[in-house]
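Below, subunit A partners subunit B and then partners subunit C, in two separate complexes.
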Partner chain A sequence: MALLDQDVKYLKFKTYLPCYCPHCKKTFNVEKRDVKYLNFTGVYEGADVDVKISPYLNVFEQESSIPLKEGDLFEDLKCPSCNKSLVNPDIVCGDCGSPVGEVILSAYSRLIPFFSCLKVGCEWHGLTRADERHIKIKIPRQEMPEQDQKLRIQTYQEVPYGYTTELASLEAGRCLQCKNPKCVEGCPVNVDIPGFIKCIREDDFDGAAKVVKEKNVLPAICGRVCPQENQCEEKCILGIKTKPVAIGNLERFVADWERKMDLVKIPIIKTKLNKRIAVVGSGPSGLTVAADMLQYGYSVTMYEAFHEAGGVLVYGIPEFRLPKSIVNFEINYLRELGLRFEMNHVIGKILTIDELLEHFDAVFIGVGAGLPKFMNIPGEALGNVFSANEYLTRMNLMKAYLFPEYDTPKPRGTKVAVIGGGNVAMDCARTAIRTGASDVTIVYRRSRQELPARHEEVRHAEEEGIKFRLLTNPVQYLGTDGNMVKGIECIKMKLGEPDASGRRSPVPIEGSNIVLPVDLVVVAIGNGSNPIIFQTTPNLNRNKWGNIEVNQQTNETSIPYVYAGGDIVTGSATVIEAMGAGRIAANAMHKKLSAKTKKTTNSN
Partner chain B sequence: MKEFVNTNDILDFAIGNEQDAVDFYLTLASEASSEGMRKAFEEIAGEEIKHKARLVEIKERGIFNMPVEKVADLKIGDYLVSDPVHAGMSYQQALIVAMKREKAAFKLYSALAEKAPNADLKSIFMALAVEESKHKLRFELEYDEHVLSEN
Partner chain C sequence: MFQILRKQEMAKGTIIRFEINAPKIAKKVQAGQFVIVRINDTGERIPLTVADKDEFSGTITLIFQVVGKTTALMRSLKQGDLIKDIAGPLGQPAHVSNIGTVVMVGGGTGVAILHHVAKAFKEAGNYVIGILGARDRDMLILEEEMTAICDELVITTDDGSYGDRGFVTDSLKKYLGERSDIKMVYAIGPIVMMKFVSKLTEKYKVPTMVSLNPVMIDGTGMCGGCRVTVDNKVKFCCVDGPDFDGHKVDYEELEKRNSLYLKDEKASLLFSIR
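This part shows the complex of A and B:
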């Protein structure tokens, strides 16, 4: 709805404005003795707030039931009579980009739409100016171009292509540059999101990458695999009325741009400390600890059980979601920073934690949750029943996807079932379809709403032709005479009564058993901790699930100078949480080791 | 199947069962592979001790009014294979054993209720069966949440 100058040109300074709700047509004007105001319901930090605004044109008096400062942004503005939102989702304030509320003003027997910015203190606050300069048509969220749905299942190439500079600039233009940015609170490592988006708006992509890297050492990876929809993007103010800013896509764009333009510089580390750190496990938690400790000036050695570094980033998450070249680039960066790698070293077997402590000043354990869980149902030992770990590791680390260049036997099936509904299950199913399986089915015991995988992954899986059997649970695997799996007996489930927390657990429907013919099964129901390290380090405290217990503030374990973080502490979680844990440990390690140095120097 | 003539007989039997459960979880605790698991089993044994104390109190006071409520049965344990109890078993395996144990107790009390010679005894057995199914539900919910995590 455009605003026309002629509608308002007769309105004079301090004209009294009778205002109406566009939905219920009730008035906002309140007149009590000499006091006159417009009465709205604002939403601030999720709570309803009474807002009183002067009913006179160009008079900026505003009062609310809680103290607000300049720059604060109402999340919504509602009519106190019908409680409907006044925010017009199609336009934003032309001065500051914030959402705007729309009311109907009656003047000279005309009904005129008026817009008001939701940001406290914005020049355009309080129904003052109504010319077109002050509103702008909203830009819709920019999606990344993707590979064709039919063609992509014949390759392992990454599915989204990433933003072009034009798309990135358009998307960055949507950000409201909030003074009190909620997105940052949603980021586990508190990246300065409006800061880096501002750089993109100013075409300073290099600067944007620097801002991101202050807090996140692996942005090209996080931009691809972080569940932004549950983190920064879930909190984004724009998301209240429309789609949030595509923060993840922008993060990916700046990291890719920096890499492609060859702008990644290896910093010169000025201080060299005469102290050594051992990092066990080369997943995101270990890589973060290594990066931080190298920058402080420590010498760092990383021990990894496999022959390739990167943890789940290389042997779990498939190529079409996270190209290995990107992970390798980050690892090479750390190598150039001075990180020493000791591959094929299973700590707990080749060397124990105690032995490491003899040679190193501190140790970080980031060995992840690598022990696959099985359901403990009959038939799990049949041939061609794989754990997700084994299946993905064979396909990724052994490069079965590059057959015949790499001659690893590839687990093959034409009718494949994947048990589970998380990211891991989607990755297995999407890998299976790329190996040429004609029929791939996800079997999940809850309903669609509860699927724990990222929405994007579920969408990609569906587009690629993967079928979903929801509310279905395997009860046993059936085998051929040769002990190869040939079918899964499943039982249908229904969601039971809600428990005290309101959660509805699935319960089997007696007698609803069905048999799915399959020749390959991948079980993706979760991972637990691997006990190898603990067998030789019994004094490392663990909880009942086998996860290491740490001091939450420092991530130090029950053994002094031994720290831990990532999936081995939390159970299966996310890349960014593992990185956050690594950073806490690195800071605490540095603090403790610096204090120790001071003590020894003082006593000398 | 054991014959019961009065409430005290039944309660003695149920108290004995709870004591068996306490012993069972303490054995698991003593064979646990980590401090965390030992604590977890001791906690469960502690809960069983409370169940036992409650039955003892009922017997001493002679008042029996345990409500017969409806308790959800997720039937998770029904389809799982349990390994024989062994030292150093994982918490997942231990939970399966525990679910199956509680389900067996539930079935026993339900069968006794079925065969009970009078309505009073029947309702006591039914209430005891409900108690056992509550214990099972606790394990099932833990299993549902932590083992079947589907990341």
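This part shows the complex of A and C:
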């Protein structure tokens, strides 16, 4: 069976067959249909017929099919599986008001040569599972439309536009709806992936959003920033033979749909508990704890050191990758849910953890990993050598990209080097090219395979003209008389034998030094843990990496009723892992506080 | 939002003093600590030391010199106006204890910061000698307050229009030569001043603390923009400082780093004038 990639790409999907009024004999709403096959029993011009229609492809054409012409009328059509009528009696002719034979078919019917009925409980087995799989593998993964590669580096607007409903349906149709879905295991918060994809196929985008939100409170954000290729999509069965289902893109689509269609409803919280929770840090881990605890009925106060909430989502990840309007939308949602924000509160300074415990029943610490690392090589103090945090904070949080409308000066360079190979490095490089740099290079000490950034980021960076110097490591920065950086002396690396962890660590090649001329350097080699909270909370235990030590099951720290999660526990990780940690803490907190209430009420 | 309860112009309007309603900060702040101020939604975050506090009335005092866009905008604020964000207290408090005789050297706006530290040293029971330097008589600030705190006070002006003619280092040298009981020197002012004070005290082997003012953004250790080299190690001024051992600071590096944004700041100021 020949279903060519290009055929599928240009399919237009319409849910309905032609409407034809049997009374006034008018046809209406008839557009050029790209319907492929119809294989049903129906009543056609008074007589029962075996309807096998194929206006387009030729698989069933040999069988005695009746071609469907514009205006043909079906008095009745039955689903071959459940035998229910497919003709919608509610549709009436716009001119005379008579019922007309509009046929309802399901969303995923549209992309492959068979249909199934939309009626609840119907499952059409027109093809064997093997056939279905065989066909689906041929449908290419649908990529999101994106801004032009040349033009986008002149703006800070988001690069992918997101799916249209058609693309989303097409992509959702690729999902095999596995009985034992591996993708769910790959997702750190176990979103019901086949469940929400099924909703998309049935055009129930709102329902899809609800399914996602059962497990993930920030889907519009995760759909954009999760490293899906190492999580859900890595596990997708389709990935064995072809490309996996674009789960992230679909997640983003349903969340955007819900937001744009104004379908987000603030739930009414029925139970109000007379208990107070303090959340320190407004990154993804803190936001998750806040959302969960509010839903349980606690009153929650969030303390944030910066003047704006969102953590890395606002100060780190750039606008062109995660529009701040989306983050603000989520934050406003929580505000309407009853979250109280206390901005400009650096906990450990204005209030200590112990002081918070005097006023709150439990505390969650999600302060992220905020202490940038440097390599401690000569020349790091030179002008225009920035940590990624400083560079991105200036550009994003302080909106230096809108300088001088905003007061924070924009770091500028024409030849920029970014040290590191993660998402942070890609973000810095892609920001630099947007500030007008003519030459931006990623300097990374391992090889391409080891680049820890999301694949999409690496691809976008390459498309935007960013160069990669792999297996290269800086040894010192060279400065001008005015103490500005003018070059990086680098040494070439090669991958050595695999170490205990199986990773091949890079070793320098003696005498291979080169000098790259640059006038701006961003060091994006990770973060250590910030000392502020530890300075005033001596009884908060730390692990050997200096992060907060927690009980793995509950995320409770060495101080009872004080929980922690996110980067401050794991070191720099991901948005979704921080959210997962927040959820574990919220569950445990709720359990412990409920048990405590019971005890006190019992003893009363 | 933080309300300005009182505004006072000093040094011919180049230095401004705000008393601001900030009860939570007033309750916690100690001498030597600073806050980060952002006056409006498009504003820059700038660090300013808390020059004084009143726990009971819940106020903090900020004294700042008008040098660029943000401080110029702040000058235009009036009594009763609101400041968008103030985060703090930040940084380590000055290491204050009863050690005997200390010399407090302040230059320019540095006197504002010095004042709070001097007060703390006095309250801890020390004999406090103050040396204040200014360009000329008009630029001298907080003379009255410092007179009240210090057991001895010397004033120097570059042009001799008031007090002794010369630099603070001249007076300091005299004291170091005459008195052997000086246990510590605290110097706060322009980088060059702190550099020369430290060079001088090194010869006399008198421990010296200086308060550094690198460019800052978050003030919480998050960006590393405030890094300074002390004792050949990189320190983040906002969490490790702002006070450091004056004999170990790399002043040249700090001077260079602080002048990096000069051009842009002019552009920003011009934009705001337009």
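A few comments on the model shown:
As a working rule, the second predicted complex is superposed on the first by the 461 of 604 C-alpha atoms of A that agree within 3 Å, B and C clash if a C-alpha of one lies under 4 Å from a C-alpha of the other, contacts with A are read in each partner's own complex, and residues count from 1 in each chain.
Here is the rule we use: a residue touches a chain if its C-beta (ideal position, glycine included) is under 8 Å from a C-beta of that chain, and two chains touch if they have at least 3 such contacts.
Here the structure is a predicted model, which is why all the values come from computation and not from measurement.
Superposition of the two structures on subunit A leaves subunit B and subunit C fitting side by side, clash-free. Applying the stated contact rule after C-alpha superposition, one finds that A:Pro531 touches each of subunit B and subunit C.
Look at A:Ala305: by the touch rule set out above, it reaches subunit C but stays clear of subunit B. Once the two complexes are laid over each other on the shared chain, residue contacts for A:Arg394 go to subunit C alone; subunit B is not touched. Of the two partner chains placed around the shared chain by superposition, subunit C is the only one that A:Asn483 touches, whereas subunit B remains out of contact.
Of the two partner chains placed by the overlay, subunit B and subunit C both lie in contact with A:Asn376. In the superposition on chain A, A:Asp192 makes contact with neither subunit B nor subunit C.
Within the superposed three-chain model, A:Glu234 lies out of touch with both subunit B and subunit C [touch as defined at top].
In the superposition on chain A, A:Glu146 contacts neither subunit B nor subunit C. Once both structures are overlaid on their shared chain A, subunit B and subunit C have a minimum Cα-Cα separation of 5 Å.
In the three-chain superposition model, subunit A touches both subunit B and subunit C at residues 376, 531. Those residues of subunit A whose C-beta lies close enough to touch subunit C in the complex are 305-307, 343-346, 349-351, 370-372, 374, 376, 380-381, 383-384, 386-387, 389-390, 393-394, 398-399, 403-410, 482-484, 530-532. Of all the residues in subunit C, the ones that touch subunit A in their complex are 24-25, 28, 36, 38, 42-45, 69-70, 84-90, 217-225, 227, 229, 234, 236, 239, 250, 253, 256-257, 260-261, 264-265, 267-268, 270-272.
Subunit B contributes residues 33-37, 39-40, 72-75, 78-83, 90-93, 96, 140-141, 144, 146-151 to its touches with subunit A in the complex. Note for the complex: subunit A touches subunit B at residues 373, 375-378, 420-425, 444-445, 452, 473, 475-476, 491, 496-497, 499, 505-508, 524-528, 531, 534, 541-546, 549, 571-573.
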